[in-house]
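There are two complexes below, and they share subunit A, which is joined by subunit B in the first and by subunit C in the second.
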Partner chain A sequence: MKDTFREASHLVRLVVVLAVAIVAFLGLRGAVVPKDFGQYGHYRPGALEDSRAKPIVFAGQQDCVVCHEDQAKARDSGRHARITCEACHGPQAKHVEDPSNKPKLPQVSAICTNCHEKDVAKPKWLPQQVTKDHANGMECNSCHKPHAPKMG
Partner chain B sequence: MPATRRELLEHATRFIVMSGAAAAAFDAMQGTVSADAATTNDYKMADHWWGMTIDVERCIGCGNCVRACAKENNVPEGYFRTWVERYQVGEDMERPEVDSPKGAMEGFPPSDKKDIKAFFIPKLCNHCSDSPCVQVCPVGATFVSPDGVVLVDQSYCIGCRYCVQACPYGCRFIHPETQVAEKCTLCYHRITKGLTTACCEACPTQARKLADLKDPKDAVHEFLRNNTVQVLKPQMATKSKTYYKGLDGSVR
Partner chain C sequence: MHEMNPAVQGFMYPNEVELQWSVLIVLYPYITGLVAGAFILASLERVFRVEAVKPTYRLALLTALAFLLVAPLPLQLHLGHPERSLEMYLTPHSTSAMAMFGFVYLWYLMVVLLLEIYLDYRADIVRMAGESTGLKRLIYRALTLGSYNMSAASRRIDDRVGYIVTVIGIPSAFLLHGYVGFIFGSIKANPWWSTPLMPIVFLFSAMVSGIAAVLLIYMVTYRLKGLAIEMSCLDTIAKYLFYAFVIDFSLEMLDLIHRIYEADESFKSLDFMVHTHLYVPHIVLQIGLGTIVPLVILALTQIMTLEERWRRRLYVVAASLTLVGIFAMRWNVVIGGQLFSKSFLGYTSYKMEFATREGLLTAIVLMLLPFAILAVLVKLLPPWVSKQQAEA
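Right after this comes the complex of A and B.
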């Protein structure tokens, strides 16, 4: 050991370079990395708040039924009872915010056939039709009421 | 006798190792705080552990979830945070025929096949609790949140695409405009405010349901108890939290 450190001057320059590099690294790291980085894990906790801050587009069933009680009741009586309003009527958060934002009525032909057009992959419990054989060119809602889809 | 070059290098190496350890200790000192402390408004992250259940026999391939997701999250055209695949599995087929035209954005054109096993598989980020996509991120831009949602820090992501390749389920993409990684957030902006996800809200058959695995009253527990469930690619050991009921072995 004694011999090793007799020529310690060899090390001085190396030590100084390393020390400067480490200080520079820590300084840069302190300046660039947010203070709370690593609070929950290896990420910036502010990212959670960023993700939460996105605007809501689909209002949710509970907001629809506040005003549209009649339609909700009609729907509850039929086989579409468990389908939410916005599943067919589209996102309505803007309409909830300001009811004068009138939503467009859904396009009946496309909205019905998306679910009810016959396909081999659709489950057997689902009522399905080959539209061109079944409807004879008529719109679905000329016979079926979408809110309570029985004949008549 | 002056120090030999070998000795000099040995000491220098020792010094470097020691300073590395010091830096690691410095990192550790900054410490991690328990998730219990985190509260925003009245939402406590520590009280939730989010996942999803999918009942394959209830999925009718209407594409409502795909459209709802695109509207809720402003997903660029041609990219998908969730999509639906149609599987057609024949006994004499070497592999199943899978299609997903425009991710099922406009539903599916009727199949011309008959007497064949066929079903729809909705897909989305599986919100794995041991996710490969998080492990490969070089900058800490993607992570599993304390409530179990895999998220991307848009301002930290450098768009290196490692995570896109690492996801075994193909659930990530690079946003064509922002050039950073994008994926399903499990509608984090909705579920933290007491709403369900856009896809679940729009699903007409309740084939997909948001699940809070930490909520003892959530129907997910009954679902997991009473049904035969499977996750996608269990051999990848990702600890996926998207549970499929009635999943066929042909699904990849």
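Right after this comes the complex of A and C.
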């Protein structure tokens, strides 16, 4: 038995190398994986705090209408009544904090086609156009008012 | 939709238009298949005592290692952030089939392949540590782990442990590639993939491709080294290639007949796709050139008495076509499974990019990389067996 052990000493060394590697891995795991990992699911609970700590970028509808009452009324009367301001104008928390920080107006040709470019996969009730045939190079807001787009 | 995007025909849901899995995901099962197949060929000699294939034993193990080292690269290139792959081990996700593959891979690499190669080469490593100079000497000395015991008893122990490792290795190789098939076969939302036969079909096609690859690598490397190619070895490998191929082809046909007879709601759509978009890769390359032609060639070499030089040429043709056929099979599974709509009313197409992260150039480099690694490995751990050694 003792002889066998001596003749297999190279394998013992191999096992020692593997054991050291496993211990080093477990050490690394202990050092880098947070203790509370998996508390709520397969993620780091601290990630929730990290998300909460991020600055808010959307102001919210109610803040916009405080100053932009006319546009809000126009929108409420039209087909875009349920589309919030920031869906087209982008996040505006900075603008609410400091009104002198003026946002850029949305680029009409790109923003309208996001929803209204013809696509058979879109629901039938949604108005859709093949822009190049319908507008012939003109901007959408040459004819349609973005806040209440239905004509006539 | 066709007016807007000529690559799309009929009705596609918006998220189906662009393929998410590129040519790199085709390479991944192809490469792991070569690994599993090469290892199973090596085990023929070790466990099943098929002495004729002895000259390819070490070469097959090194081939398996070279390809296994490259196997994760297509996935890492596809996903980006390769540093995150360590997370699979740090925070194991037991219900994710893809995440658990990391452990299958690690088991196969560390416990099976590296250990078997180490045990088989240990006596040579000790000898070379004494004979070589410079950097090579340092590498060999490190590999000996400070033990220079070359006694007959220690080598018997190596042989015994190596045998046990190979016995464990066979189901591990089955697990490695069966798992790749499982990843596809378990996607119930996709009728092109979702079949319990998938792991078994992948497994046998892996054996076929691995055996064909080692056969070619054996012939090419021995020719380059100016060593004699053992005809009995080639004949035996070709025989096993033929057997594995017959089983693989039968399984694939069984799957096909089952689909045709069952003819579920996806059948018309898939049938249309096979006759149009996938006609060349599926009917011509996979079934015709890649399966029936090599099978007929291999069958001929089994039933006819041909001259050596003809057998040799026919084996090269059959093995090369086999590798093309199995690649086409991986292509048809991965790319084919993304070309049709879940509505069964439309089809998209795949346009391969060239010099991008997931382009053709990257795929070519990834396919060449294992050969570069193999060239280094055979320099470090020579697998060559001369005629006298093979007969001994």
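Following the convention adopted for this analysis, the second predicted complex is superposed on the first by the 100 of 152 C-alpha atoms of A that agree within 3 Å, B and C clash if a C-alpha of one lies under 4 Å from a C-alpha of the other, contacts with A are read in each partner's own complex, and residues count from 1 in each chain.
Assume a residue touches a chain if its C-beta (ideal position, glycine included) is under 8 Å from a C-beta of that chain, and two chains touch if they have at least 3 such contacts.
For clarity, every value in this text was computed on a predicted model and none was experimentally measured.
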item	value
First (subunit B), second (subunit C), both or neither touched by A:58	first
First (subunit B), second (subunit C), both or neither touched by A:32	second
Which of subunit B and subunit C A:48 touches, first, second, both or neither	first
Most subunit A residues touched (candidates subunit B, subunit C)	B
Touched partner set for A:14, first subunit B, second subunit C, both or neither	both
Which superposed partner A:102 touches (first subunit B, second subunit C, both, neither)	neither
First, second, both or neither for A:132, with subunit B first and subunit C second	neither
Subunit C-contacting residues of subunit A that also contact subunit B	3-4, 7, 10-11, 14, 18, 25, 37-38, 42, 118-121, 130
Contacting residues of subunit B [partner subunit A, same complex]	1-3, 7-8, 11-12, 15-16, 19, 23, 26-27, 30-33, 35, 38, 40, 45, 57-64, 68, 71-73, 86-88, 106-108, 110-111, 113-114, 116, 118-120, 140-146, 151-156, 185, 188-190, 192-193, 195-196, 198, 201-206
In the complex with subunit C, residue positions of subunit A that touch it	3-4, 7-11, 13-14, 17-18, 25, 28-29, 32-33, 37-38, 42, 118-121, 130
Subunit C to subunit A touching residues, read off their complex	1, 3-4, 11-14, 89-91, 93, 110, 115, 118, 122, 144-147, 149, 151, 153-154, 157-158, 161
Contact set on subunit A toward subunit B in their complex	3-7, 10-11, 14-15, 18, 22, 25-26, 37-58, 60-61, 80, 82-84, 86-88, 90-91, 113-115, 117-123, 126, 130
